[in-house]
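Here subunit A shows up in two complexes: once beside subunit B, once beside subunit C.
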Partner chain A sequence: MFLELLKYGFVFGILLSLISLGFSLIYNILKIVDFSHTDRLTIAGYSFYILSFHLNIFYSILISLCITVIFTIFTERFVYSSMREKGTSALMLTSFGFSIVIQSILAILFTSEIKPTNIIEHAISNTGFYLRELILIPVSLLFLGLLTLFLKKSKTGISIRAIISNNERALFYKLPIKRYISIMFGISGLLAGIAGISLSISNGIFPTMGFKYMIFSFAACIIGGLRNLTGVVIISILLGVLIIFSEAYISSLASEGMALGILLLVLILKPNGIFGEKLREI
Partner chain B sequence: MKKNGLFILLIACAAISVGILYFASTRHDVDIINIASLLPFDGSEADHGEMMRKGQILAMEEINAKSIKKTDSLNISFYNTSLKKDIALDKMKEANGKGINFFVEIYGSGQAEHCFNYAIEKNIFILSGVNTKPDLVELGNGSFYRIMPNDATASKIILNWAIDLSLQRVAVVYANDDWGKGLKDATVKNAPNYGIQITDTRDVVKNQPSFVAIVNQLKALQADGVFLFLYADDGGKFLKEAQRQEFKTKFFATENFSGTKVVENAKDAVEGIMMVVPASSEQSSLYENFTQKYTKRYNEKPTIFSIKGYDAVNVLYEIILASNSDVEKAKSLIKSYKGIGASGEISFDQLGEFIPGNYDRMVFKKTNNTYEPIVINK
Partner chain C sequence: MELILSLVTKFIIYSIFLISLNNLMIGKSGYWAIGHICFFYIGAVVTGILSVIYHFSASLIYLTFFIAPLISSVIAFLLSVSTSRLKGDFFMFISISIAILCNVAAEYIAGPSGFSGINRPAGLTSDISILSVSIVFFILTIIYVKNFNRHPLNRIYSLTRTSEKSAMSFGINVLRNNVKIFILSSIIASISGILFAFYSTGTDPQRFSLNEAVILFALSIIGGIDSIKGSIIAAIFYVLVIYLLDSLFSGVSDIYATKIASLVFGLILILAIKYKPNGLFGKRKI
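On to the complex of A and B.
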């Protein structure tokens, strides 16, 4: 039973790491906690839900991911960009407000009822995993690896890291900051899209489906150290395992409290996160 | 001077017109019997709210088709509570502000209980078709009645079925709300009298993200059966997870699994699930008549929620007519009420609590490419 819980916790952690990474990428580039990030899961979920009734699963996934990425880039271009000069507080409030607007629109259009998708899944015998999960694990790990390579080795990635570490210097070198911000948003949208489609198949869709994951991924980002993407991934997986164990041995009510409890503890003992570097002016 | 006179005349005409309009509108209100129904039309229980509304509308239309005098016509004002206590109370106040003292439903035991102080203060009469919390009638202190057996009865019926199947060790998974806790408490209290050991109780939060851990732990306990006191969404997801983890045991559920939602969520994992539902008098012409009309009108089969909604409107209407819309009179009349509805015999004890009839034992089976609960015996 212990090993089974560990196995399911790992899968949950992988899913969480996709969301947390997107969260962390946006934080690093804009220095804000983007409250509407988990609503992109919802957009992906609803897109997939609608498309899956008309197209085969492959095209449904592909088009849903495209919709989510385009939606995320549009959000940045048309909602956030105009607020960027007004400071991080204004941006954070905008993201909070935008999140509520998205949820309200979805509730008006589709009601707040949970809508299960029409995908029927059966666990692959002797593994206890659904095919979706077996695909999700390598795909997620591949994405995480590619993202790290992209940020470390590619010219664009190095430029993005330059923007992350010092925005003013990036401006001095005339780096196309707006374009790089859009790329980062696009990547975070893609990661959220993958997680959103998986969640819509397992749990169904409803307008506030991203809320709980915002709490978990926010906690994972802070605990892992917002600037350290590897740290965020490791902590997300650990948090996923811990959540499953706390639900098994304490209560279903314990998961959110536990995530936020650890977050508080880390903030008190290690304010920059477990894997976080000490923030300093460059 | 002439201008002033004309102006005063215009004002007077306007005032008289407004007066006539107001009089006409209020006369219209007292001409017919106005009652209110507070149901959830969004959120996790929206489908049950909709089923009740359909049943209530059908009852209203039948009553209005039969009523000879206009004063005997019925109008139901529907309010959406979103299954929230504060909204339910606000809507009750809003309806009461329009002169409505009779309510045919406040969906949800917790929502109804939240309205009791106001209902008692304003002398409001509530008749519910679905609320099951055991002490609700007592707490309502004369303002609340129901035509649904309370959870204590439902728990005994489930335990009886478990005994018939020789189960000895049973686990309970319940929704962490007034209804779920009420049913769990009643079951834990009653189980020893049936020689059944409750091995574990597990609460579930609304829209639980994952059932992996709960199913895993219950599987480890190797219980003979699991009682699922859950709503359809979460119940469906639980069953799907149980199927994935190959957790094979006997699952029992209540009327919350009525409708299509549990099947939509659980898909084929719903097969074989046992459910107890207050019996509808399937042999009676009333039931047949209702089922035919309902199916023809809505193109779907009625569930316990639509049947109870239908019956509650009919019972309340009879009580209102007999009491001449006097709430105090209605409160004393309902205790001696005896009638037959589509759901079977309806009567109340001296405390105003519904006297329960039979329950149906149902099992989900595959019919016509989908899964439906089939009555196996009463």
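On to the complex of A and C.
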């Protein structure tokens, strides 16, 4: 029981780290908390749900990932980019409104019932494998490694880090900031898409499914320190294990309360996060 | 007649809440308190707890007018102390997470469908009497806010909004002012929550969800920040839109009315931020 829970917690933590990495990438480049980030999970889940009726599983995963990435980039281009000059508060309120719009459109189109997508997992688990463990963990670890390499070594990654550390100096060196913002949104959309598909396989889909993960991933981001991507991954995995244990031993309501409680404590006691450098004036 | 009565009562209750959100919380302190709806919920849920769980009698239930504002002012105090460390987006998230925590706690106490069958207090059993009490509170709130706008404290708040550091350099205790305004607005919001619980004799969690919080927030931006006229007109608009959608989709499905309402208000929020950032009657931009 204990080891089983630990394993599930680890898997959940890896998923959470994908979501919260996307969150912190967007935070770092636009300096906003993107409340509609977890709606990309929902978009991925629904497109996977629809496609899996018509195509085989690998094509439907691929196409729904593409849909999610395109949706994310379009969100940035058509909704956020015109609001950027109005300041961060306006941008955050916009992301909040946009998230509500997406959720209500999905609820009107597909009703707000929970749709199960666990058919595929059962088919595979009958042969003795779990889809999540078999595909998800290697793929996620691969993506985490690729992301690190991309940010550390490639020219685009170095420019992105330059934009993150000093936006105005990046403008001075004539870096194409708009294109890099799109790339960052694309990457975070891809990460959210992977997490969304695997969460929808195990938990089913409904229009507000992203909301819970928004709380968890935001908690992980803040606790880990928003600029420190390694810290975010470590805290996400720890938080994932903690959440699975509290869901198993207490109740599912307790896990949300606990994550928020830890978040509030950390925000009040150590506002820059556990691993974070000083970035906010206290 | 009954229809007009219910619409007017809802309008009065929501405009009390919107004035506390728009003219006191956002207008004076300048913090984007999306989770302000939690005080509204606390008012309603405390009334539910006293009436349904502890079976307070019809005359004792008046105690809720002391207990609910007390609880919500304790929470508002904690929230306002956090402003000494967190600004801007982080405060927004703190406020949202306190609202979510309140929702979780209420779901734990009252169950997923909320309380139902709340006793109305003695002397306030009819709808008309609830309406008249609400109107009294409404007029008191408006008089209070109008007086507040003329008070020297209002200028102190407007200085603090522009620059906290310069306010501090004049020897203004910014934190104490924040605590004051947070507690005040939370008390008014919780009173509107109590009236709502007495009026509808139940606490439907749908009315206090985060979606609803964003809708009410959008309304205060549409009306114009720190404008009483704007809050009142936004409340009329909200009540009418909700009524129209409810009557349009009453036969079809429950989901459509609420979801189309949140779609409409979400779009209005985005468009208002983009094209009319100071709202209908407001002087300040977002």
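Just so it is clear, the second predicted complex is superposed on the first by the 269 of 282 C-alpha atoms of A that agree within 3 Å, B and C clash if a C-alpha of one lies under 4 Å from a C-alpha of the other, contacts with A are read in each partner's own complex, and residues count from 1 in each chain.
In the analysis below, a residue touches a chain if its C-beta (ideal position, glycine included) is under 8 Å from a C-beta of that chain, and two chains touch if they have at least 3 such contacts.
Values in this document were obtained by computation on a predicted structure and should not be read as measured data.
Colleague: For A:Ser112, select first, second, both or neither according to whether it touches subunit B, subunit C, the two together, or no partner.
Modeller: After superposition on chain A, A:Ser112 lies in contact with both partners, subunit B and subunit C.
Colleague: When the two structures are overlaid on chain A, which partner does A:Leu65 contact: first (subunit B), second (subunit C), both, or neither?
Modeller: Neither partner.
Colleague: Looking at the overlay, what does A:Ile205 touch: subunit B (first), subunit C (second), both, or neither?
Modeller: neither
Colleague: Answer with first, second, both or neither: which of subunit B and subunit C does A:Cys221 touch in the superposed model?
Modeller: After superposition on chain A, A:Cys221 lies in contact with neither partner.
Colleague: Quick check on the superposed pair: does A:Phe245 touch subunit B, subunit C, both, or neither? Answer first, second, both or neither.
Modeller: first
Colleague: Counting only touches as set out at the top, which of subunit B and subunit C does A:Leu253 meet: first, second, both, neither?
Modeller: Once the two structures are laid over each other on A, A:Leu253 reaches both partners.
Colleague: Of the two partner chains, subunit B (first) and subunit C (second), which one does A:Leu191 touch, if any: first, second, both, or neither?
Modeller: A:Leu191 sits against neither subunit B nor subunit C.
Colleague: Overlap the subunit B and subunit C contact sets on subunit A and report the shared residues.
Modeller: 107, 111-112, 253
Colleague: Considering the complex alone, what residue numbers of subunit C touch subunit A?
Modeller: Touch residues, subunit C against subunit A: 32, 34, 82, 85-90, 92-94, 97-98, 100-101, 104-105, 107-108, 210-211, 214-215, 217-218, 221, 253, 255-256, 259-260, 262-263, 265-267, 269-270, 273-274, 277, 286.
Colleague: Residue numbers of subunit A touching subunit C in their complex, please.
Modeller: Checking each residue of subunit A against subunit C gives 32-33, 79, 82-83, 86-90, 92-94, 96-101, 103-105, 107-108, 111-112, 211, 215, 218, 222, 253, 256-257, 260-261, 263-264, 267-268, 271, 280-282.
Colleague: Can you list the residues on subunit B that touch subunit A in the complex?
Modeller: Result: residues 42-44, 46-47, 82, 176, 202-205, 207-210, 212-214, 216-217, 219-220, 233, 236-237, 243-246, 264-265, 267-268 of subunit B touch subunit A.
Colleague: Looking at the complex, which residues from subunit A come into contact with subunit B?
Modeller: By the definition above, subunit A touches subunit B via 1, 4-5, 8, 12, 107, 111-114, 116, 120-123, 128, 130, 202-204, 206, 208-209, 212-213, 244-249, 251-253, 255.
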